[in-house]
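Presented below are the structures under discussion, each in the form of structure tokens.
Both complexes below contain subunit A, partnered by subunit B and then by subunit C.
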Partner chain A sequence: MANLKTTEKKTKAQSMGLHTEVLTGKTQQKFFNPDEAENFYYWGTYDVDFNKRIDLDVNDLDCKEANKKIDELMSQGYGTIVIKNPQGKHSLGVGILNKLNLIFEGSLGYFGVGSIDGPTVRINGRVGWSCAENMMAGKVVIEKNAGSCFGAAVRGGDLICKGSVGARTGIDQKGGTIIVGGDAGAFTGFMMQRGRIIILGNVGINLGDSMYDGTIYVGGKIGSFGSDAIESPMTKSDIDWIKRKLKVAEIGENFDVSKMTKVVAGKKLWNYDALEPTEKKGAI
Partner chain B sequence: MPKKKNKKAKKEIKGQLGKKKETAREKMIGQTIGYRYDVNLLPDYSRITPFLKKYIEAMGWDDLNWLEDVHMGYEEDRPAVFDRNANGWVTIPKKIKLPNNQQDRDMIARELLVKFQMSPNHPLVDLKKAYRKF
Partner chain C sequence: MCGIAGLIHRGKSSDVGNELQAMLQALKHRGPDSTGYALYADNDGQNFIMRFKVGENVGEGSSSINEDESVYDKRKELVDDMLKNLGAKVLKEEKLTPYSYRYEMKYDDDLMDFSKKIESIESVEILSIGKSLELIKDLGDAQAVLDRYDLGKVTGTHAIGHARMATESGVDIKSAHPFWGYPFSDVSVVHNGQLTNYWNNRRVLENKGMRFMSECDSELIAVYLAEKMRNGATLEEGMKDSLSGLDGVFTYFVATKDSLGMAKDTMAAKPLVLYESDDLVAMGSEEIAIRSILPHEIDTYDPFDGEVKVWQI
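The block that comes next holds the complex of A and B.
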């Protein structure tokens, strides 16, 4: 146990030995000049040109080969890649950590475009379960419907489905925006921790069940509220922001945003302020 | 008998992140808990900086995208922004004066974070060199 007599100048936390704990993210000191980086180029990514376009037919390729091919094309500077004949293959377009215009002419299977960080993706078809899971940044637009767990654990970026989505949309969401033009299933926003969901249609039962934080906007009817999900008044800031987002998403042009229902966490289940800093970092 | 001077009420420190320890919890653990700013604050696009405009254009997006979730917090009594890639806080250089409202502070935080992530000094550069497979 720490000796409190010899630690006058230390804080109580340090005296208790907390400073010896390995705190994730606090152990490194890095210095940089904020004026040095004006190039919009991340180390280790490809410098692609959006005007350089190529078609890629994946009819005879499995998902691993197709994803490798996409990477190769990016390394050659192609900034717009059109995928032909995806034929509902699973795990296509995953792990792209680059700016890119990626267009799928067809439907995707499970886990499509997961763990991406940067690309703008357009899918001219449907998607299966867990589309854009763990997405970090970028924009994904799906022209038709999506399966369950749409945008599971999304951390950032815009995920847009012009049709309807299945159950557990935005489960464990940690950031970013999910926009649905149609209806959403049960348990939408389940265990949501941060970020925003916009549903223009109806939602199923248990909306926002056990949500820690974040905001859900619903345009249609709500089946039922989940545990600790409560209604909150819409503000002008909400309305302005939703209008802007819908314009970006190219849906709901004539939708009356002011009549939407805003749902937030009641914070009875969990309160971040009561957490230790280390736990808090893990949660964000 | 001269009147006793009224003791001036302590002024609340506003706009100085991390300068004031408010909660009993913070006093007990001896450090500031950063997660008290409004993480649900929607960005005001009229306050976007020229650098962020250029960044959005370069990435081919229409809005702030993932940066909407970036806010100015503070750690160890200093303003800082959380970098999820490095899993740590990036402290704001002292020469940058922080404005009094969260919207403007958040824009500064976003700009600084993007610049840090593009810097060759970013921790991910070393990690990628050491571990990347292709």
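The block that comes next holds the complex of A and C.
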């Protein structure tokens, strides 16, 4: 931590008469120094061993206790954690910021595995509203259905539901890929900003309403297009990319990808930069 | 935010009082102000059950005005006199709390006229009339209301219930759910959401002779469906019509003597999780409600926007 003490020399602001106070103490500003180990530490993460496996029964735990227990197990180096009896509890497996194999033997309630950055999650059940909301990276696979606001505001990673999902899937999506094996409800891709959504089944009304950017691919019927959403021709690279993604997601093996409908934003917002953050880095 | 739950056993009777209590207790965090049950009980089906209140529960965070309990007895006497004048024969009378009663009675005439006359007595409200419907609502959580009204022993085929967080109106019994589908026997409604064209609809319906007891927007659904049914629509037709007739966000359940239905608005803004099998349908605002009675692994799903479903017993 840099330690800034006020020097005898007047700052420009002082010489202009803007203030006369003598500033003392530490600055909040941190300067990056590759020699300091703490600069390479991602707070709240653990080095785990995938071969170290443990079962955790959360039947008698509330969500806070269960999440604390998961954190404890990760701190002990467990890299594969199997959660038994989640019983539709809310907010299980949230805020995990390191690599981890997390398996739920049952269904989750609201905000399951929200705000994660890195783990690979398999849920052998259903999930409630806002599953994987704000996910930064990782992979989440749901074997059954999902509720509304599936993948709200995800920024990266793959979010896969093998069943059907509710309304507002991918609302405010900012990156990553959402894949749905069944149908999706109304307002899918609502206010979507970046990323991609693949729906193999039908979608409800107002698809892609008020979307800024990003792409939605639909395999079945579309209830109606939302404001700002328009159809765009499928390209070879679209087809190749979807095939690759479906293979990784292990769904839609014989699905005819070429007949899917591609939906994109129909208007460009003023001063809106369509580049993905990663693409931006490349450009620099 | 409120919590709603419902279940229907097809082809058999079950311990619906305790089952609904477990479901509503699991949803307590969605609505701590009041809890209501509409239980379709195994009554003999010969006589009407009338549940009514002669005052409000003024404890437990109630927004009602405190009254001397002696006025409750006077109002009850007025109800008894009115029943005699109307030709209703009371077979069994139970005082459940200082302010609420359950009467078993014989009555063969028009229920609308009957209800209007009973409710013309100050602060008297009929909570329900039906041959199998037992509608109970009071302040407190599901366990408290179950204990207070001894609902644990009630068996029946289906039930709907509500855990209320008061947002649009006061913390009192008159604004609590379920609402009776006045003046139809055995019709009840619970709702999660907000209706934005309440006053427009209320004015129209009141001009058609329908009655509103509270200023709770959810009551509109019960009255709206009752009016449709009075004009010959089936329950399902009325519910489908409500998707465009009611404005706002809602998921609601409606139950009749032999059926249970659900409707979800076209925005799908309010949650609902549904489990459906050959012999049982269970649904609630959250999966934990269903898990409270079905702890084994089951397949559930969210109904889509604008969906209406009706199941028979």
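Everything that follows uses one rule, which is that the second predicted complex is superposed on the first by the 224 of 284 C-alpha atoms of A that agree within 3 Å, B and C clash if a C-alpha of one lies under 4 Å from a C-alpha of the other, contacts with A are read in each partner's own complex, and residues count from 1 in each chain.
FYI, a residue touches a chain if its C-beta (ideal position, glycine included) is under 8 Å from a C-beta of that chain, and two chains touch if they have at least 3 such contacts.
Values in this document were obtained by computation on a predicted structure and should not be read as measured data.
In the superposed model, A:S107 lies in contact with subunit C only, and not with subunit B.
Once the two complexes are overlaid on the shared chain, A:K144 sits against subunit C while remaining clear of subunit B. When the two complexes are superposed, the chain touching more residues of subunit A, out of subunit B and subunit C, is B.
Of the two partner chains placed around the shared chain by superposition, subunit B is the only one that A:G44 touches, whereas subunit C remains out of contact. Of the two partner chains placed by superposition, A:K162 touches none, neither subunit B nor subunit C. Using the contact criterion defined above for the overlaid structures, shared-chain residue A:R126 touches subunit C, although it does not reach subunit B.
Of the two partner chains, subunit C is the only one that A:G204 touches; subunit B does not reach it. Of the two partner chains placed around the shared chain by superposition, subunit B is the only one that A:M136 touches, whereas subunit C remains out of contact. Common to the subunit B-facing and subunit C-facing surfaces of subunit A is no residue whatsoever.
Remark: subunit A residues 11-14, 18, 24-28, 30-34, 36-44, 50, 71, 99, 101, 118, 120, 136-139, 155-158, 175-177, 194-195, 213-215, 237-238, 241, 244-245, 248, 264, 272-277, 280-281, 284 touch subunit B in the complex.
Those residues of subunit B that touch subunit A in the complex are listed here as 23, 25, 28-31, 33-36, 39-40, 42-45, 51, 54-55, 58-63, 65-69, 75, 82-84, 86-89, 93, 96, 111-112, 115-125, 128, 132, 134. Those residues of subunit C that touch subunit A in the shared complex are 266-269, 271, 273, 286-288, 290-291, 295, 297, 299-302, 304-306. Of all residues in subunit A, those touching subunit C in their complex are 87-90, 106-110, 125-126, 128-129, 144-148, 163-168, 183, 185-187, 204-205.
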